[in-house]
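Listed below are the structures to be examined.
Consider the two complexes below, in which chain A is the common component and chain B and chain C are the respective partners.
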Partner chain A sequence: MTTLGRFLPPGAGRIRRFARSTEMTLAAVGVIGFVALAADSHGSLLQGNAVRGILTYLSVPILIGLAQLVVLAAGQMNLSVGALGGFLSVFTAALMADHGVPAPLAIGIALLAGTVIGAGNGILVVVTRINGFIVTLGTMTILLGLQYRVAGTRTIDAGSAALQRFGSMSLLNVPTIFMVALVVAGGLAFFLRRVAAGRRLLASGGNPLAAELSGISNARSLVLAHTLSGLIIAVAAVVAVASAPGVNKSIGGDWLLPSFAAPIIGGAALAGGAVSVLGAVFAAFIVRLVDLARAQYSLDPSWVNFTVGAVVLGTVVIGRIQEVRQTRSRQAKPDTASQSTNSTVRSPA
Partner chain B sequence: MTNSRILETAPPLLAAERLVKEFPGVRALDGATLTMRAGSVHALLGENGAGKSTLIKALTGLHRPDAGTLEVEGRPIVLNSSADAVRAGVAVVHQERNLIPEFSVAENITLRQIPSRRGLVDREVMRDTARRCLDLLGLDLDIDAPVKGLSVAQTQLVEIAKALSTESRVLLLDEPTSALTMAEADRLYDVVGRLRDQGRSILLVSHKLEEIFAHCDTVTVLRDGSSVLEAAPLSSYSTDEVVDLMVGRSHTAVQFAPRPTPTEGPAALELDGVATAGGHQDVSLAVRRGEIVGLYGLVGAGRTELARAILGLDRLTDGQIRVNGEPARIGDVRSALNTYRIGYVPENRKEEGLFLDQSLTMNIAVTVWERIKRAVGYVPRRKERDLAADYTTRLGIRSAGTGQQVSTLSGGNQQKVSLAKWLAAQTEILIIDEPTVGIDVRTKAAFHELIWNLAADGLAIVLITSDLPEMVTLADRVGVMREFRIAGWVDNDDHDYGTVSRAVIDLIHAREPASEPTIVRRHRPRPDHPGRQARDSTNSSSVLRGLSSGKQCGETRWHVWHRASSHRCRTLAGWRFLGDVRRGGFPDRPFVLATERRG
Partner chain C sequence: MSAPPVERTDVEVESRDRAKPRRRLDPGRAQRLGLLVVIAVLVISFGSASSAFYDQQLTIFPLLRDISILCVVGLAQLAVMSIGHMNLAVGRMAALSAMVMGLAYQELHLPLYAGLVLGLLVGAAIGALTGWIISATGVNSFVVTLAMDFVLLGLVSLVYAQFTTSAAFTVKPAGMDELRKYSLADVCLGPVCGSPAVPQLFLFTVVAMLAVGWLYSRTRVGRELLLVGSNIKAAQLSGIPTGRRVIGAHALSGTLAGLAGFMLAVTAGSFTATIGSEFMIPSFLGPVLGGTLLTGGAVSVIGTLLGTTLTQVIRQGLTLLGVGLESLNIYLGAILLLALSTGRIRTVLSERKARTSR
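And then the complex of A and B:
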């Protein structure tokens, strides 16, 4: 499994490694699936507004997948992805609709709130030393309560024409909000690959003990991961508000499974330390294809959940099988370093 | 060496003065003193549990000592984290492997100080640093390859390179050569020598005394957490004197009333040439009823793993286990217990032995539910409780009642509960792993008496312990394990600490491995996979000796293979090619060539 945790040297090795990587497989599956669907729809899927629709509803899945990915990288899980996203959506919309806060300010407040709540998750995990699973389960429930409280039974229309325009704007049929998702993905990939703090975060996830012995603060890595997760969720919430005509108390309710689906199908190790941003983006696209297929053949919506759940489970099982097989083959492999030790046996004079 | 004489007057690079570190129930360090000077290699010796690892952890900021002082180049210093130690110029290679599997070799080496410019990782500097550190070790590795694909020996060398990456003047190496072949170990010692000449100070912990004597200048010996020999020049001591210091003569074993040990009849548990998937080779032992057979060895010698194999948790690849003379096929712990009446009291009682949040009753009765259950699996509560009460009194478990939660008991009482559940299951063979770790001295003595009496009552006991006095007190015979084999047996009839401990330590530190891990085979035109031939090849020392005396050489070409890693030789593929001895004149000891030190 190729991961961002590994630096790829230039040259043939890099191409070969990429060709055999999870990302490559996912890209192939995505392209084949899309071509098949497009062909079966007699090309209507390739028309401008169809493409726009596909990409518009791809940006939230990508963003929540990335929000989960950054926590997985540090070896934890964030169950509050959907609840935080939902809360921030109704919160942002309510700010604008009920209190007349201008859109840029409301967005700023939402991003700040997401960051702060994410940091809160991280700090709780570090201070209480309780597993992040439990902590975020707790904050998930709290946030759900808040979301219901703010939204009540109504559908909130943010009522900001500028925001609506931003949500429907596109360049050459590529929606702006999809570009936002790609920019976040690029930024996160860069962070995890090139920024020292990002490398430390991955190190903490890969082997916490080794990281600690190398002078890396695991606590800091965890807080950072949860904080970034909160920030990315806030971006997802803003995108959701911008692209939907109105938000209500149910928004975010179906975000949790897709948030795990993207990074896991994309090749992230559940134990932490190995993630692939590119893989997660491709995986989100494939999940979107399943939804498209449902719409195209007018299948029951329950099939989407069934398929995505099965694919996630299948990916985890296959990953486990590969892992076992790799461990075995490594143990059977003769040592490659032995060649260099030959020189110590001197031939007789 | 001239360096060290000049620097003798300068303050030591690292000085630890009378360090004390206490853990619940144990005083791991009790006045340990260590002085390391620039330009010297310092040996730290001591038996299992003498406090070596704790001392290293105190020197690297992982443990905060309860008393005593630390000085770096004459300045007092307090280390709160491993980062503090790195800043103070102290680097360490721990015994456990500590690398990030997904990261590249280069990144792992530089992890302590990730080279970065304005927060961005500088790959070029990273690769340069990594290359430089690997060059120091004379190692040619792909620095961009992820560490998870490397062999044990390679990861070990990467760890050492990592320790060299920071500007450290003090380098602590905890058993650095345990996973290395002799050729690799030699290369490592070359580097150690070079680092010494650069004016650094290196601390070496190793159980291989011949390596210590070949490469160290000074020595500190720890016993029971305190230094019994402080920074003495190694050249003025012999191996025997150092071993005497490690063992000490102060221990007098407690003598219990002698037990009759029957020598008739089949052994209760017998292992005959057992090899396991985990890497054991040719392990044979026999325990009769009423006997205590000890298994001693260093951590990682394969004792606990052997117990797991007996219980069916690891696959047997060769040999036979017999219970009461009958060949036994033990598939899992359930059949070990129900069919063969073998119980295992694990070393780690908190994680493996007990249900801490449950009552005493539940903990003792868990093994007998099958036996006392009635129709539809109903387990009568009264019966459970009576059983628990019975064993509580018999083992003298101090509790407020059988309903008490086990987590609220003391360590010694917890261990008794762990033992009680196996007794309740009416086991006939009991494997007890490290029974008194973390238990205070008085409870320890009571526990010893308990184990002794269990044997006197007719149980066959296999005792695994790293506590040598405990072993000498209890065992009738001691098998010394090394590298997943039994290196030898020591009779312990008179329980005399001096002679027995001596013999045991000699076996552990023996110069030659118990069974020669080198294979010599005839050259075939196309060298096949060594693993396949290993089985029918002329294994063993006799051929090697033949070779060394030149008798069997003739016109034949011989290939010399060496086992790549000391254990985990799962298949025979773990052999490495050392070279071939060409026909005609070869030096008198060809295979030793690979182990001979340069200069």
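And then the complex of A and C:
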């Protein structure tokens, strides 16, 4: 279980302190970016329709970011985010369209299925002791196959008027599905901050051995993290079905990379033990802004990937530089300072 | 001061536990032998289920061609796995190299092999850059290569949009078509010619395997790479320039990814932005099934070939039996998990046996 932690950087506590300023920076970048875009669009971005559109298509990125964040918190990774989301989307839509299952029941089944599959990931990781990366790579492949099998080449329209209404409903131009995403984010933040199980999960991620010695079951934390991830992905899948006119076999195919981008830009330590829900939400918003800017200036869609990649690289490099600088200033008194800044010494621990 | 040393001892204990039965059984060799047996059984049973499986032209030739390409992809991943890193951008590095080759053929009218060398150099450069970012910042290779994947995904598509009308470089330098179609039957040493079932592209794979195998088993640099992977602190204390080794491993990964991109482009007949988009999963499957450790320090070149062969034989066999693409993924994923679980079961069993016999 701890093998992943082996080649990840240490210093969770330091990063957490840094995370507070990260959230501030991200919020500032988001606001400035949005204002600049809005000003350049002569205010058309501030109209009700536009705001609704922005927030509607922000829900899924936030949710998949959170689904990845909760496993990152436990020092794991979930490569099956996109495949599970895609499978659950077509599964839910097919339940309603092909089998006439009423929407609330179909949603319930989807949430249950997501939870069970997530728990399955966690149990596989714990029981087989295979690296979580490889386990979720395997389940990702299986789920992709299942998604293709359910969807085939067709586009499934859930055909539920109630669900479509739910997907397009909004209160004061804030879509309900965006509120769903915020509620999940709030719940997750509360869980990780105030609930004992959440604290244990973070402890397992931050330092598995210390957690084990203090009587925490790392196995339980891992299973819990993967289970929560599955549940959140199920919510994302339901949101996707509700907000899209139809789902097909390609849905979820482009979820994996953004799911990592949001928590990482938001300040999560990949070593586990330190995450920022708020940071991830802001980061998802910034990624959305990049997409908006692309649409506004009718640029090639490839610019989005390029920019997001560059932002992630920039974020990790700047974060590291700040961290090194902090360490240096803290250790400046003894003359070991020059030694301690050699980052390659610390990288593998 | 608490986290790193504690964690390290944990890992050491774990690896010591694992090392004990290894000396007894040599599971690395057992695993490769097991793979070989499974492949043989599968080939025989697929062959008896459908005689088309033995068709040299229609089945064996394309099968070996796919294996050739994906084995090189596996080696590209193996290069970074040896130091305990990952390269999620392996496919996109292949795309970048292939793009440079296509650009070179179209704009500079370079001959086939000059373009190949140029592309490999670009692959090495992007790999080295990735390695440099990782070693200079100390950030996890997963994050850096993931971000690199994003960057290259965007960059490659933009360049194709800029320079081509149909999102593909279709200019074919002399010799490219021959390379695609020719088999070893066209390579003769005097009166003895090779098998028509083995594509010429396989020679690239053999060269890559020999080079990588030689690097890790015979050279000092290779040993140092493995030590960096198994215990970077010890490597550093023994005076190994770990930063340079990290950069070197990623540069090697980028080069091999570029070679795989070239081979795929030759097979497909054109250079497109989608080259390499399917490389990520196979790149891990081959080495991991073959016994290369994700945590670094142990690699198997032959195992990578066997692991790749196994997945491709299953893929080809199931396709012949009429299993659709959709179900194929289900089986492949299940087999991956099963194969890796058996390794774990074997370790548990041998540990138990060792304990009772003591």
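Definition applied: the second predicted complex is superposed on the first by the 312 of 349 C-alpha atoms of A that agree within 3 Å, B and C clash if a C-alpha of one lies under 4 Å from a C-alpha of the other, contacts with A are read in each partner's own complex, and residues count from 1 in each chain.
By our rule, a residue touches a chain if its C-beta (ideal position, glycine included) is under 8 Å from a C-beta of that chain, and two chains touch if they have at least 3 such contacts.
As the structure is a prediction and not an experimental result, all values here were calculated from the model.
**Q** Examine A:A203 and indicate which partner it touches, taking first as chain B and second as chain C; both and neither are also allowed.
**A** first
**Q** By the touch definition at the top of the document, which applies to A:T153: first (chain B), second (chain C), both, or neither?
**A** Once the two structures are laid over each other on A, A:T153 reaches no partner at all.
**Q** Touch check for A:S214: first (chain B), second (chain C), both, or neither?
**A** first
**Q** Counting only touches as set out at the top, which of chain B and chain C does A:R194 meet: first, second, both, neither?
**A** first
**Q** Looking at A:S298 after the superposition, I want to know if it touches chain B, chain C, both of them or none. Which is it: first, second, both, neither?
**A** After superposing on A, A:S298 lies clear of both chain B and chain C.
**Q** In the overlay, work out which of chain B or chain C sits against more residues of chain A.
**A** C
**Q** Using the superposition on A, tell me which residues of chain A are in contact with chain B and, in the other complex, with chain C.
**A** 3, 5-9, 206-207, 209-210, 344-348
**Q** Which positions of chain C touch chain A when the two form their complex?
**A** For chain C paired with chain A, touching residues are 2-4, 6-11, 14, 84-86, 133-144, 146-158, 161, 232-233, 236, 242-243, 246, 281, 284, 288, 294-296, 324-334, 336-337, 340-341, 344.
**Q** Could you list, by residue number, the parts of chain A that touch chain C in their complex?
**A** Going through chain A, the ones touching chain C are 2-3, 5-12, 77, 124, 128-131, 133-135, 137-146, 148-149, 152, 206-210, 257, 260-261, 264, 270-271, 300-310, 312-313, 316-317, 319-321, 343-349.
**Q** What part of chain B is in contact with chain A in the complex they form?
**A** Within the complex, chain B contacts chain A at residues 62, 81-83, 86, 92, 94, 96, 98-104, 106-107, 111-114, 116, 119-121, 123, 139-141, 144, 146, 149, 151, 153-154, 162, 181, 183-184, 186-187, 529-531, 560, 564, 568, 570-571, 573-579, 582, 584-587, 593-594.
**Q** Along chain A, where are the residues that touch chain B in the complex?
**A** By the definition above, chain A touches chain B via 3, 5-9, 193-197, 199-200, 202-203, 206-207, 209-216, 269, 273-274, 330-338, 340-342, 344-348.
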